[in-house]
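Sharing a structure here in C-alpha cells format.
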C-alpha cells in the first residue's frame, strides 16, 4: 500500500464504498512497509539519480542479472554490484554492459556519477595487500557520488610515508583507514586528522592476526578519538558510511 | 617551535645571526610538533570556545585538578572530565566549581554550551541498564556543542516502542545506538534511519554476553549499512564521534 | 529382549524350564534396552506411520541405502535422509525412488505426510543465504507431519518486511527463526510473537561472524523471553524440535 | 492511537472535519504501537489472571516497588520479581506483602496460581550447586500456572539415579535440564524422553568450565534431538519457555 | 658415550693414559645422553620384542621407509606407522611387506603381537564417525601387546546401548572413551566403571563443536572421577597411555 | 529392588501370588539402580576400609558434618573432605576430630591409611605457587592408600633440578606433574619417565596464562607420549586417578 | 657434586679407594646439576657484583626476608625484589634497609649499580597508566647495570610527541616499548629505530582490550621488523631482556 | 627534500629568491620523510653492502622482479626474497639468477655474505616439522651477515638430545628457539643459556594446538627470563631480530 493506495482507500471509505472495518483490516494487514514512512529499501536512502547497490555474494548469476534488468527498466542508470567473480561479470556482460574491477571484485553498470558530497573522502591503506578491500571502499564511495583520494601503502612501520601526506589528511572530510596485521593505521591517522576516521580491519597477515580479529581489536581500542570500526574486510561498509557522512 | 619561532629563526638566519647548520639542527631537534602542521592536542580539534575534555580514569585527583586549573588559566571556560568518582568530583569542587553527574560519572566545569552542530544527535538505548553509558555519550555530545535527543529504553524485543518514535529517528543527523545483551538495536535503527549510526555495545547482561563482546560482535555483523562501532561501554567515544559528524 | 521375550522367559521359569539364576542372569546381561521402557531409537519417538530420519553425514552411500531398505522392509513408508549430496541421492535412486532437494541437501523416500500437528510452524529467515538451512528445517518439519509456512527474507535491517506479516506471526504455534550475521531475527520475532521461538544461527557472513558464533551468541542473549537456540546451521534440529512442540 | 482513536479520526475524516492530509499525518506520526496489532508488553502474552513478571536486576528498590503497586492497582493479583536480594525484598515487604525465596532470589507477591498447563514440567539438575538456577526456573514455571516436578541431583556421573526416575521423565510434557561442569544432562535426558528438553547451562564448576561456556557448548552439540538451549544461569528463561510450551 | 665408553675412559684415567682434566672435559661435552641414565628414545620404553612406533605425519615416504628398514635391520620385528596415506603405504609396500588399515590410516609391518598386559582395554565410541580415531587407538594398543575390546556406537543419547554392555565395562582394566559432539561419553562411563578412563575428544560435529574443542572441554569438566583427557583426535595417544596403564 | 527383592517377586510369581503383568510393572518402575549391576556410589569403587571422599565446595557446614557423621556411623573410619575453609574445618572439629591442612584446604577425619598400591606416586611441581594444588593431590593419594613422593619446585627453567632426581622419576609407578605458567613440566617428565604422567595445569601466572588455560593447552599438546590431563587446579582429580592406576 | 667432588672421587677411584661401579653410580645419581655445566640459577647469569633478583609474588614475607639475608651473607650487595606490597617492604625494612618504589612495586636492597652495558636502554610508554609497568622495567634494567632513558607518554595518537624525541630513539641500544589499549607503540617505534624493540603489552584499557590481549596481539603482528614481545604487564621481563641485549 | 634541497632552499631564501611564506610552505608539504631524520626504509637499517629483503607474500611475480631489478641497478648485490613459491622463483630466474630454497620458500639473489656479527646465532627446533620455519630464520640470518649454527630436532620430550649440545648453547650470542605443539623449547633453552632467546612458535600440531596459538601462549608464559616471542611461523622475524642483536 503506497501513498496512492492509502488515498484511494480513504476516498472509497469516505464515499461509503468500503466499510470502517475494511479500512482497519487494510491497515492491520499492511501496517507499515508500503506507506513510505521509513525507507523501504535501505539502498534507496542514497539520493535518487546516483546509484543502486547489489550485494552479489551468495546470489546466483541469473538472480543478479534479473535485479539489474529490473533496476534498469525502472530508470536506474548506475548500478554497483559488489563481491562478484569475473565469471559472474562475464555472464552479466553477455546481456548488459558492465565494467568489472577484478581487484575490488566489483561490477559497475552505467558509470561513476559526478561527486555530490561536501568534501573529499580519503581511502588510506597500510600495505599493498590491503588494496583489494581499499578498492571496494573507493569504488563504492565513487559510485555513491564522492570525490575519493587514494592514499595507499602508508603503513605505520614507516611513519614518514604518512607524514609526507599531511596536507591530504588535513583536508579530508572523512577518512577510511584500512589495515591488516597490527591495525595501527586508524589510530595514527585519528591522532593526526580532525575528521571522522572509519577503520576497516583486513584479514591480511598470518598466525596471530586471527583472520583480521587482531586488527579489529586494535582499532576498537584506539587511543585516538573519532575512530569507529566496521567488520573485517568490509570495504563496502566503509565506503558506504563515508559517503553517508560526506553527504550528511 | 611554533610559527613565530620558525619565522624568527629564519629571520635570524637571513640576517646571518645564525648559521645554516644551526638552522638545520633546530629542524632536526624539533621537527614537527610545534609547527602546528597537525593538531597538537587531539582535543583541540574541537572548535575553540566550546570545551576541553579530560579523561579522568587512571589520573590522580591532584593531577586532574591541576589540568583543570591550567585550562582555566588559559581562558578555557568549559571543561568535561570523564570517568571520575564522586569523591574525585568532591575534591575538585573544593577548589573550583564543578557539576557532577553520578550516572554518567562525568564532571562539568563551566556550563554546557549552545549547540553549534548542523542537526540533532539521537542517543538511543535498549534498556534501563544502558543509561550509564548513554548519559556519558549524551553529556559528551552536549558539552561539544550539540543538541541531543534522548530516546531511552527502545529495545528491539518490543519493536513498537522504537517504531512509535520514527519521526525522531527520521530527523536525526547522527544516531548513537547503545545496547547490551544481543546488541540488535543499531541494526534495527540502521535499517530505519538514513543517517550514520554509531553502535556502542555495553557490558550489560550475563553469561554468554561475555562482558559486552556479544553485543559488539552483533553490531559489527549488522546486516544494515551505515553502522559502525566503538569499544564496549565507550559512551564518550560515541558522543565524540557523533559530534564530529554533526559538525563536519 | 523385548516384551515377548520377557513374557517367554517368565513363562519358562514358571514352568521350571529355566532356573531362578538363569532368569536373573538374563536380566543382568540385557537389563534395559530391549524392554521398551525407554524409546530404543530416538527417532522412534515420532509417531509411527509418519517418518523415520537418517542423518546422512559421515555415512557411506552403501550404508545409507541399506538402512533405507531395512526400514522399507519394516513397513516404514516415509524416510527423510538429511545432509546428503546429489551423488549419494543418485546412488540411492538407482535402487529405490527418492526425491532429492538440492538446496536443503535432503532426500525423501515416500512422500510428505498429511499434517498431524496442532497448528502451523513458521520458518522465518533473515536473508537469501539462510535458505539452505531453512529448507532443511522446513522439509524436516513437513516430513514429521506439520503444516509449514515459509516466511523468508524478513531480516531486521528492513523491519517493515517483518511487520507486514504480523498476521502470519500471530497465528503460529511455534516459530523457527533462522539468521546469520548479527542474528537479531529471533529477538525481534520473540518480541512480537507469543509462541515459542527456536533460533537457528547460520554460518552466513564473514569476518567477525566467526562461522556463525556471533549469531549464536546474539540469540542466546536475546532480550526477548521464549527464545531458545540450537547449534549453528542445525536446520534439522530446529525443525525436529518445532515438530515436537507442535505435537506436544 | 488505539482502535478508538483510529475509528474517531476516520469518522471525522468522513465527516469532513479533518482533511486527507491530516489523516495521513496522523498515521505517519503514530504508525504502530498503540494499534494493538502486536503485543505491547511481552509479559502480557501470558494469560491474564495468572502472573506478571518483573526482572529485578539493575532496577532500584523504589522502581520495583512502584511497578508492583501499579500492577496491583491494575487488578494484577500475582507478581513474580526475579533476581532481587533479600534487602530489596525487605524494602518491598515494608509496603506490600511479598514472599522471598532466597535460593532462587525471587520475590512473589500474591500466590502461586493453580496449574493451567497441559501437563507436568520436570526441572532436573545435575548437582546440588545447580539448585539456585533450578529454583528460579521452577518458581517461574509455577507462577505462570504449571505443575512442576523437581528432579534434583540426577547428574550423569551416577546414571542410575536418573534411570531410577524413568517414570517421571516419561510422563513429562516438557523438561528443563539444568547442569554445570560438562553439561551432559540434557543430552542423556533428551535420549530418554520424547518431549522437548530445554538445556540451561550453569556457571557451576572451575577452571575450564569457563563460567558456564563449556556446559553451554556441550548442550548445543547434544547428540540427542529435541534439545535447545538458553543463556547460562538463565533459570527464568528456561521456566518461561517451558510454560509457553506447556500452554501452547 | 655409552657405558662401555665410560668404563674405558675411567680405565685409561686410572692407567694414567688420560689426565684428570681430560676426563672432566669428556663429561662436560657429552654429559648425559649416551650414559643410558634416561630412556634415549621414548618409544624404547615399551618392552623390547613388542613394537616400535613411527609417527608418519609430516615425514616423507623415503624417510619413513628408511626408518623402517633401519629398525628391521636392528632385529625389530613389528613396527607401527601412524598417520600415513594409502599412497605412502603403497610406497613402503613396494619394498617391505606392510598391512595398511585405511580407516585408522595406520600401517603395520610384521604382525600384531600376543597380548602381554594385565587385562583388557575397552575402546568405546559415541558414534560411527568416531571410528577413525577409535581404530587408531585400538590398533596402537594391540600393537603394544594388549587385548582390546571394541565397544562402538554406544553414545549417550541412547544410554540403553551403553547399559546393555555393563559386563564388558565392569571387567575392563582401562577404558578409552572416544566421542565428538558434546563429548559426554567418558563422563557417563566414568560414573559406571571403576578403572581409569581416558577421554579422547574427536573433531566430529559442526558449528559450535569448534573442531573438537567442545568435546574436549566437556571431558575436562567431567563430573566423574578417574577421567583424564588427551588431545583432540589423538587416538594414538589414548591407545599408548592405555597400554602403559595396562602394563604398569 | 535388590537381589533379594528380585528373587522374592519371582518366587511369588511362580507361586501365582502375583500376575505376569505385575512382575513386568515392577521391572518397568525400578529397572536398574538397586540391582547392583553398576556401582551405586562412585566413591565406593575405592576399596572398603581405606577412605571415603566428600567434595566440600558448595556444601554447607551442616551438610558436610551430617555426611561425615553418617559415614562414621556406617563403620567408615577415614574420611577426606576436599575444598573446605578453615572455618568449616573448625565447625566440624567442634563435633568430631578432624585434621585440617590449610595449604591443601583439606580436612581428614581418621588417619592416613597404610599404602596398599603397587608402587610410588610422584607428585612433581614446577614452582612454589603450585604447592596448594600439589598438596591436594598428595593428600588425596595418601588417603586412598598410596605411598607418595613429593618432588616440588623442579620447574623446567632450571632443568638440572629435575635431572638431579632421575632416580626418583625412574622408579615411579605413576607421576602427577603439576605446573602453571607455560606448563612444560609434564612434557619434560613424560620424555624422561616410562610410567603414566598425569598433567595438572594450575592457574598460577598472569596475563596470557589465561587462568591456567595456557598450561592446559600446553599439556594437551605435549610432544611426549603417555601424558594425559585433568582440569585446571584439579589436584584431587590428579591424585584420585593416580591412585586408581597405582591400584589397577 | 661440584668440580671438587668430581676431582675427589676420581682421585679415590685412581687410588683404588672406590670401585668402578661406585664411580658410575655416583654419576647416575647426580648426573648434572652440581657440575656447573649449566648455570645453576638463572639469575646468576648476570654478572657477579651487580644484582640478584627475587620474584616476590606468591612468596611469604618471611620467605623473602630469609632469601635476602642469605644473599647478603653470601656477599651479595644489591638485591632487587619485584612484585611486593608496601607492607611486605615494611616487614623487610624492619630487619634490613630496603628502598621501596610504590609505583613499580619493587624493593631495592643495596643501591643501583653503575651502568656496565654497551649503551642506553629507552623505556617508552604510550600513556600515564603504563607507568607502573614501565617503572618495573626501568628499575630492573638499572639494577642490572644499565643506563636507562625514560620516554613516557609518547602514545601514537599524538605522533608528534614521539617524533619530537627522534634523537633519543636513534641513539638507543635497545628500546622497551610499553603500551596498552591498541598497543601500536612498538610498531611505530620499530619503524623509526634501528635497534631491537621489546614490546610489553599492558592490561590498561577496558572492554575489548581483553585484559591486555589486544595490545599483545597487535604487537605480535607488528608490520615493523625487529620487534618481539613478552607477557602482558611483564615489565621485569622487558627490563631483564633489554639488559641481556645491552650486555651481550 | 633531502639535506641538499634543504640547504638549497635556505640559500635561496637568504638570497631573497624565495619568500618566507614559500619556505614555510615547503616545510609544511614535506615536513619529514626526505630530511633523513629517520630511516627512510626500515630495511636500510641493515648495514649497506650486506643485503636487502623483499617480503614476497601477496606481491605479484612482476612486482617482485621489478623490485629486484631496481635494487640491482642501485648497486645492491645481495637480495633476500621471502615467502615465494617455486613458480615465482622460476619466473624471476628467467630474468636474473636466483637460488631458490624450497623448504624455506626463500629466493636469494647474489650470495650469502661473510658474517659480520659479533658471535654465533643458534637456530634450534623441536622437531622435523619445524624445519620449514627454521630454514627461513637461518637463511635470513645468514643473508644479514651472521654465522648460524643449526641445532635441529632437540625437542624437550627427549631432553638428553638438547643436553648433549650444551657446549653449542653456551657459546651462542643469541638463540632462535622454534617449536610447535606445546612450545616448551624456548623455556628449557632459556633456563640453560645466558643469552637472549627468541621464541618462534610454529603451527605444527593438530587439535588444541590451535594453529600455533598454544605454542605461542606457552612461550609468552615462559618461566625462564630472557625469552621474547614473535608471531607464529615468523621465521624471518626471528632471524632478523637475532641478526639485529648480534650486530648491536
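Each chain carries a letter (A, B, C, D, E, F, G and H) given by its place in the written order, and its residues are counted from 1.
FYI, contacts are C-beta pairs under 8 Å (C-beta built on N, C-alpha and C of every residue); 3 or more make two chains touch, one makes a residue touch a chain.
Predicted, not measured: the structure shown is a model, and the values here were computed from it.
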item: Farthest chain (mean CA position) relative to chain A; value: F
item: Copies chain G and chain E - interface residue numbers shared by over half, same or different; value: same
item: Intercentroid distance (Cα basis), chain F paired with chain D, Å; value: 39
item: Rounded Å distance between chain C and chain H, as computed from the means of their C-alpha atoms; value: 55
item: For chain H, residues that touch 2 or more chains besides their own; value: 28, 31-32, 37-38, 42, 157-159, 163, 166, 190-192, 207-209, 213, 216, 220-221, 224-225, 231
item: In contact (per the touch rule at the top): chain pairs; value: A-B, A-C, A-D, A-G, A-H, B-C, B-D, B-G, B-H, C-D, C-E, C-F, D-E, D-F, E-F, E-G, E-H, F-G, F-H, G-H
item: Complex interface listing, chain G residues touching chain E; value: 3, 6-7, 10-11, 13-14, 20, 23-24, 27-28, 31-32, 35, 37
item: Chain G residues within the chain B interface of the complex; value: 127-129, 157-161, 163-164, 166-167, 204, 206-209
item: Sites on chain G touched by chain H in the complex; value: 32, 37-39, 42-43, 45, 118, 163, 166, 170, 173-174, 190-192, 194-196, 198, 216, 220-221, 224-231, 236-237, 240-241, 244-245, 248
item: Of all residues in chain E, those that touch chain H in their complex; value: 28-34, 38, 40-42, 57-59, 201, 203, 211-213, 216, 231-234
item: Complex interface listing, chain G residues touching chain A; value: 126-127, 155-159, 163, 181-184, 187-188, 190-192, 205, 207-210, 213-215, 217-225
